[in-house]
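Think of it as A, B and C in the order they're written, each chain with its own count starting at 1.
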């Protein structure tokens, strides 16, 4: 049972339909809405603002802090109990390290820039969507960044290397590997890399090359969202 | 071979290439890596001779010496008042800097400026850690009473003030309001409730359309239309 | 946060507001959309001015409580997301979040809006338990009314998930077209008292400058199903009576907006 045709008919390098909008949360310094397939998220940036507890303060530059959270009704099964969630904490951490390489907070010593991402509904690729949304929100907030970060999950489903796995592909019976990747637009350097499953080195390198290619499509959506705010007169 | 890939007033996002080659110089909100100059923010391209810079369309306020700001008193210590500037950094207004008259030791500081009051003050010092010292000893600096305070993005302040204050003057004339714009994005309006509301709407409109051309004519039109609505 | 407290108070005395609205005017736009989350059994997003709130309904099958062995149950939870305002932090629910959840809950539960007996599958063994989660997206004031509207919209548009009749396993990915047994439609309207004036739909600034408030939930027949008073100042009987009158009128207005959106 080799996976030849994708469950929803997409090509191997085809991403699900995407939608993005910047500046959707007026209270925040910057914000974004990002949707890919059925995975949807809101991102809001608050700061630079005073950082507590004080021992976290860094006199050389500001701190970037991501907070990822799924809404109780956003899981594909039962309700998710709000509260301490180890998966969410881990995603918050990897999100932060995915964005840190491009963000310049040297003008904000001892301060913090908080990014909150919350998801009303999910269908795989959640941490990637969160990172792409967060990057738009940071740019919308005017936080200095050397480049944009775009993120998508690539992987391998029963021998086929594909981009943007949906839930049913992640759960496919057979050998599956799910690889969330985040990429700096100009240099294609990788700022997020995780993997679940099994994959040969050859397929892994193929998947990473695919990631560098398809994140361009995410970048186009992010760029459009940021510029759209200013084109309607 | 040097090459500029964008033009004046283009809107760019972080990481977009502005110029290639060593003939151009990286100005505000840009950086050079090898032979290319890139943008660091979402903003408007501005080319001045060989310098390419970006005017940001949003962003946090960075305190500068000489800036007039509006802040809220959040604490009173024995040395003066702590003022919230709407940024990550609070400011200190020392007792000696509060007024031109001499304040005696026994005086109750909260009777001069109480917690919760807003003041118009000037920045006299900014440390490397962005700690701010304020003064109110110069003319044009005072306690705020009455009217309303609104918040705009600090990057839009120059547009709201306009060339030589022309835009803010236009709003003052058409709304009958006294207006003080703080560089940190806080703006004080005082007039009739209707006048203040019109000034508020006008200022938010400028904020929204700051990136466009012909803004003065647009605002003139807006203010005239709104005024005739009120009178009818 | 900037609060023009004195000015708001002075204007209120003259029956005026900072944004030029009358005391009984809601902000525009009022936008209500349902089925905004495919993973929820029912969901809605409500916008009143700049305030945006989402509500999601999830259903599960559990053993009924001992003292109500032939009934299902409901629970309302509210999260004031840090995403929605600089005033909120991550962590356990604050007093404000708990009050919001409990007031919305009271309005629905005490109105007996849902026929709990119809939620029973097998007395003493299995019944449907419905959880409504209220999530703030942008808090620009008047969360009570927006949340109440979102919760009702989510309940009205909710559908039971498919259940395997033998194993009782729930297939959350498949929905039936059976709606919840909703027999009443309660909506809360909150009245704020500022310097003697009674107003509806406060902005976040007006909420910080108030003396007292009263949330009144009522159903489509005008029956009051919940009350909640807040604020440091007291209310007179005359004021309470006036507030209820305004609340009943405004609930009608909001109900109309909801029905327009659900068509």
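Quick notes on this structure:
We adopt the following convention: contacts are C-beta pairs under 8 Å (C-beta built on N, C-alpha and C of every residue); 3 or more make two chains touch, one makes a residue touch a chain.
Everything quoted here is computed from the prediction, not taken from an experiment.
Any chain bridging chain A and chain B, meaning touching each of them, is among C; the list is complete. Farthest from chain B in terms of Cα centroid separation is C. Between B-C and A-C, more C-beta contact pairs join the chains of A-C. With centres set at the average Cα position, the gap from chain A to chain C is 32 Å.
The centroid of the Cα atoms in chain B and the matching centroid in chain C are 38 Å apart. Looking at chain A, residues 49 sit in touch with two or more other chains. Put simply, chain A touches chain C in their complex at residues 25-28, 38, 40, 42-44, 46, 49, 67, 69, 71-79, 82-83, 114, 116-118, 120-123. Within the complex, the chain C residues that touch chain A are 36-41, 43, 50, 52, 54, 56-58, 60, 77, 79, 81-86, 90, 92, 131, 133, 135, 137-140, 170, 172-173. Against chain B, in their complex, chain C makes its touches with residues 2, 4-7, 11, 14, 16, 18-20.
The residues of chain B lying in touch with chain C in their complex are 72, 116, 146-151, 186, 193-194, 196-197.
Of all residues in chain A, those touching chain B in their complex are 29-30, 47-51, 59, 62, 102, 104, 107-112, 139-148, 184-186, 222-223, 226-227, 230-231, 233.
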